Amino acid sequence: MIEIGIVGGSGYTGSELLRLLCFHPEVEVKTVTSRKHEGKEIWKLHSFLKGFYNLKFVNPELKYFDGCKAVFLAVPHGEAMKFAPKFLEVGIKVIDISADYRLDKETYEEVYQKEHIGFDIDAKPVYGLTELYREELRKAELVANPGCYPTGTILAAAPLAAEELIEKVIFDSKSGISGAGASVSEFTHYPNLHEAIVPYKVTNHRHYWEMVQELGKLQGEVKVSFTPQVFPGSRGILTNAHIFLRGELEEKEIREIYEKFYSGCYFIRFQETIRLSYVRGSNFCDIAIFPGEDRIVVSSAIDNLVKGASGQAIQNMNVMFGLDEARGLDFPPLFP
Amino acid sequence: MIEIGIVGGSGYTGSELLRLLCFHPEVEVKTVTSRKHEGKEIWKLHSFLKGFYNLKFVNPELKYFDGCKAVFLAVPHGEAMKFAPKFLEVGIKVIDISADYRLDKETYEEVYQKEHIGFDIDAKPVYGLTELYREELRKAELVANPGCYPTGTILAAAPLAAEELIEKVIFDSKSGISGAGASVSEFTHYPNLHEAIVPYKVTNHRHYWEMVQELGKLQGEVKVSFTPQVFPGSRGILTNAHIFLRGELEEKEIREIYEKFYSGCYFIRFQETIRLSYVRGSNFCDIAIFPGEDRIVVSSAIDNLVKGASGQAIQNMNVMFGLDEARGLDFPPLFP
Amino acid sequence: MIEIGIVGGSGYTGSELLRLLCFHPEVEVKTVTSRKHEGKEIWKLHSFLKGFYNLKFVNPELKYFDGCKAVFLAVPHGEAMKFAPKFLEVGIKVIDISADYRLDKETYEEVYQKEHIGFDIDAKPVYGLTELYREELRKAELVANPGCYPTGTILAAAPLAAEELIEKVIFDSKSGISGAGASVSEFTHYPNLHEAIVPYKVTNHRHYWEMVQELGKLQGEVKVSFTPQVFPGSRGILTNAHIFLRGELEEKEIREIYEKFYSGCYFIRFQETIRLSYVRGSNFCDIAIFPGEDRIVVSSAIDNLVKGASGQAIQNMNVMFGLDEARGLDFPPLFP
Amino acid sequence: MIEIGIVGGSGYTGSELLRLLCFHPEVEVKTVTSRKHEGKEIWKLHSFLKGFYNLKFVNPELKYFDGCKAVFLAVPHGEAMKFAPKFLEVGIKVIDISADYRLDKETYEEVYQKEHIGFDIDAKPVYGLTELYREELRKAELVANPGCYPTGTILAAAPLAAEELIEKVIFDSKSGISGAGASVSEFTHYPNLHEAIVPYKVTNHRHYWEMVQELGKLQGEVKVSFTPQVFPGSRGILTNAHIFLRGELEEKEIREIYEKFYSGCYFIRFQETIRLSYVRGSNFCDIAIFPGEDRIVVSSAIDNLVKGASGQAIQNMNVMFGLDEARGLDFPPLFP
């Protein structure tokens, strides 16, 4: 059994880790922290988990992680950088679900407008898009779990970027409201979202920089545009990648590029039609390819809380510990 | 490994069996039938299951069930009665998810306006509300899996009925649209249900007779009223049982009656607040008790496709085969 | 033109008054108050109204209501009682959408746990369920607009109560989330309500007392039970009134009682099937009658913000000023 | 009073015409046809309109249109071309909501794979995007009402096209399910759409050709890409126009181009945030402009059944008859 801890157990990525780890035969959750709910039993906050955990929330102090082999950081950006070095120092591997280690220090500080105080470490953060960095993840001490949007967008375009075939890509993404987190706000007030698609941070969402960074690593410079919006549902991100290609390719060639690139990837599935309900609750990323005369559209569907956050974090943990990457995650989606 | 077959794999109870059995470590699905889709690979119809089954749909012929220990009948009522005797004859246990064996012959024929041609059998059908008939189920050859509404309503009232305490009970239930099945209709046309609660068969739904039968077995005669409706969601049945009691009881006494009645029942959970999202995708039945001056309200929440259909069918199968009743079903709900 | 003012223009009942009064050919909105948004243009808060009003929010001071013939109080209970006496004193008629004048002083103070400081007035509040109090409303100076739930429930049962035919009635109501108001909360957080029916204040909602009071006036004592819940939609209240009758009545007799009682009532429509989408955005109350063996079910559907609040307030204003009660409200619902 | 007729009154564009014309002070609906529902009272099919029309559906025969000045064709494409010439011949103006007269004969026959038998007429069809063709519409005898998607997309890009500033535009549109019509199908089955965004005809939707035609008229050749999808709601189309510009423009210049182009257009509103609920039920097209480094995004929101179909048809009728184009349509949206 691999004992693990969770820092930040009150939000959606925290409760999703707790949900998913119930399926994992080789992991035991030892510690879950929450400053706000210290001393409260986990299931009293997360009623849907009643019967699954006997733990109480504790304060995020190092002593509670004794014996843990890994820790998941499910705290807001800016907070994770305070915890990561401490855990690394005592030999506990860190999977950070926040944004703190996804970009280089300089870019991070500009994009997030915040000084990064957590880069004084030996470990080199590995960007945890498992399908791209599986090898690096095997030896990683610190994993920067990707953002939800970057997961869906990068996976939709990576195979073509790896072949240096992208002239320009426009990502138009629609996310379920759980992506906004468990905290209440005007934005998440039910009547404001009923029967509504709401674009927000239309040309300046911070996740953009992960896409530029990662597709750039594959192809050199790539022209990327990104627009996020929310749709009236709880889970899921549907991305349309409108891709303009360098040169002409037959549909068959394009499909081969994708299939080869994702060969052996359990969680990538090619579908003819694409629906968020086909991946709901699961770690799959469904991909559909629609060739057109002017451009191709590659649509990807993920569950933002699973493949877009906590599920991929567990997938990364599996790789880090030499397990099959699908261990404990190989269950089907919830449809309808 | 227990090999099983599914008769009727194209509808929602069929696909839900397929989904749920992926979690079951001791069951192997050997055969799935569909006349309409004969020869088609399962995942080509149920795209969300891509990667989970290599089977093709076959015609419902006995030869395909060779070696099966049990069969699930996920066909419409009127069809199940044709299959059950054949399987029983060759020693295959039958779990019938249709309505065909839930009522006695006479009542069935009046309520369903159809001759029952499948009662010429040795096996005595056991009503598969597991929490009520666990003992009988251990030896059952033929299980009549309860209707979705009866599961939620009977579980909400049974403890008081067993104490002969119910003066009158009014069940007001709201079901997700998946309860209407996978076939398209005016009723299930999206715009007809958007932002709508639609009462239907308001005073004459056929599931009423299961409630009368089962609560009657517990208490003798019980005055039961039942009104179903659909709400704009896919899964779940929320029932308010408005119960008028014989005599006065303290809240504490009522709670004790419920807790005692469901003692040791893994899938019954008592909650302070009740939400369909707390049971979504799972086999739990959440129950909340709200005492009032004039009457008490007991609210129950189930996933209509799991505890209300295919999940309970598997729970029954577990009991029939001497397994822990939660085997393969002991995973958490999907929230949010 | 009748000049009117609105106290409390930032919430949903306020913005709904503004929406509805755009349709009214004989009313001019002169003043809209909001302490919080003082000085802001109305459409900057209520973007959907862009182009319809040039007014700015002002503080709720009497001077801004100079020339107004009537004022709508769209403020929380406890606040309205501070304003009503001041307006009445200067001869401005008051339509109070809050709960402050719906119950007698004693009951109010017990139910709302608050001292009532606004009953030192000459005007006698008239309960503004227009269909019941049309005559009294003609001369009213102060109208207590009914709660949203009481509107739907009382209208469903009143005809039978007027004939003293009700043995017992159980109201099971489902409301859209806009009923919770424009303020954000855990309760209205989108992911908490997605695919959820949530019962709340199951046996102790304050609107209960309006039902007891009004049905009691019609029949003497009536046994009333009431359970509210929210469904995943923005607008609408669907009520099932489960009614147990004194004595037996033919379906035909029941229908005649209803049709006679509501004879000439423009906003009452009898329907065979009932859907919230058939009344959405309109002032109609649709009613469907379902006779059963043990009891009858009368279902009513209203838009909680229109007939359940601001629309009925305007209907009452029409009556108070000698206009046709449907003036400015005689437009069709929004379906689908 | 202008007497009008409606050919095809059973679908959503038909019932929406009936809804909207209730608001119109100068129009009287004389005739509504439906072969399927001949002889049935209108409100028996469209229950939400109970109380608003006394008409019965009739067969589509010319005699029933005696006295009509105009007729709306709310029938499928392929049908309208059979009716239009007959009405034109007897001097009845035609507003065709189908696709039959939107494209030239040759393009139509290729795109819709159908011979066009209705072009042997004197009248020249005018493309009824009111904001672009107001002058031509004043004298039009035959109006080709635009598709729902083309309305939202063309309005989002037209001002820049008119200045020949578009290098490339990618339209990513999300429509409510009412866009699929009132007929039931797998596609519109509720559980298939719950919590789902479904791209369809991703690179080959027929509405594409209207965009190419109309933007082409403004700018010469324009590179257009278009991807439609449905979201889980009933009404509305949200379009993101991702526009790559020729040359660089300041944000201020862009805004001026839009404001000048739509100067005096009652139904175009510029908003800072955009939500379908801000236009629901109304004829408005809300537009928001989001400048970015690489491209600009112009988002437009319409109600697909109003500005995207029946509302714009009435707007066009107003212009054809010399009325204010907002006559009978100048009411606010339904929010929340």
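Lettered A, B, C and D in written order, each chain numbered from 1.
Keep this in mind: a contact is a pair of C-beta atoms (placed from the backbone, for glycine too) under 8 Å apart; a residue touches a chain by one contact, two chains touch by 3 or more.
All values derive from a computational prediction rather than experimental measurement.
Undergrad: Between B-C and A-B, which chain pair is linked by more C-beta pairs in contact?
TA: So, comparing the two chain pairs, more contacts are at B-C.
Undergrad: What's the chain with its C-alpha centre farthest out from chain A?
TA: C
Undergrad: Quick one: report the Å distance separating chain B from chain D, using the average Cα coordinate of each chain.
TA: Centre-to-centre distance between chain B and chain D: 46 Å.
Undergrad: What is the distance, in whole Å, between the centres of chain A and chain B, each centre taken as the mean of its C-alpha atoms?
TA: 36
Undergrad: Averaging over Cα atoms per chain, report the distance between chain B and chain C in Å.
TA: The separation of the two C-alpha centroids amounts to 40 Å.
Undergrad: If you look at chain D, which of its residues touch at least two other chains?
TA: In chain D, 12, 176, 178, 191, 194-195, 232-235, 273, 275, 277, 280, 336 touch at least two other chains.
Undergrad: Where on chain B does chain C make contact in their complex?
TA: Within the complex, chain B touches chain C at residues 170, 172, 174, 176, 191-192, 194-200, 202-204, 223-225, 227, 229, 231-236, 238, 240, 242, 244, 273-277, 280, 288, 290-297, 299, 336.
Undergrad: Quick one: which bits of chain A touch chain C in the complex? Just the residue numbers, please.
TA: Result: residues 12, 176-178, 180, 182, 184-186, 188-191, 193-195, 232-234 of chain A touch chain C.
Undergrad: Going by the contact rule at the top, pick out the chain D residues touching chain C in the complex.
TA: Interface residues on chain D, with respect to chain C: 12, 15, 19, 22-23, 46-52, 178, 194-195, 234-235, 266, 269, 271-273, 275, 277-281, 331-336.
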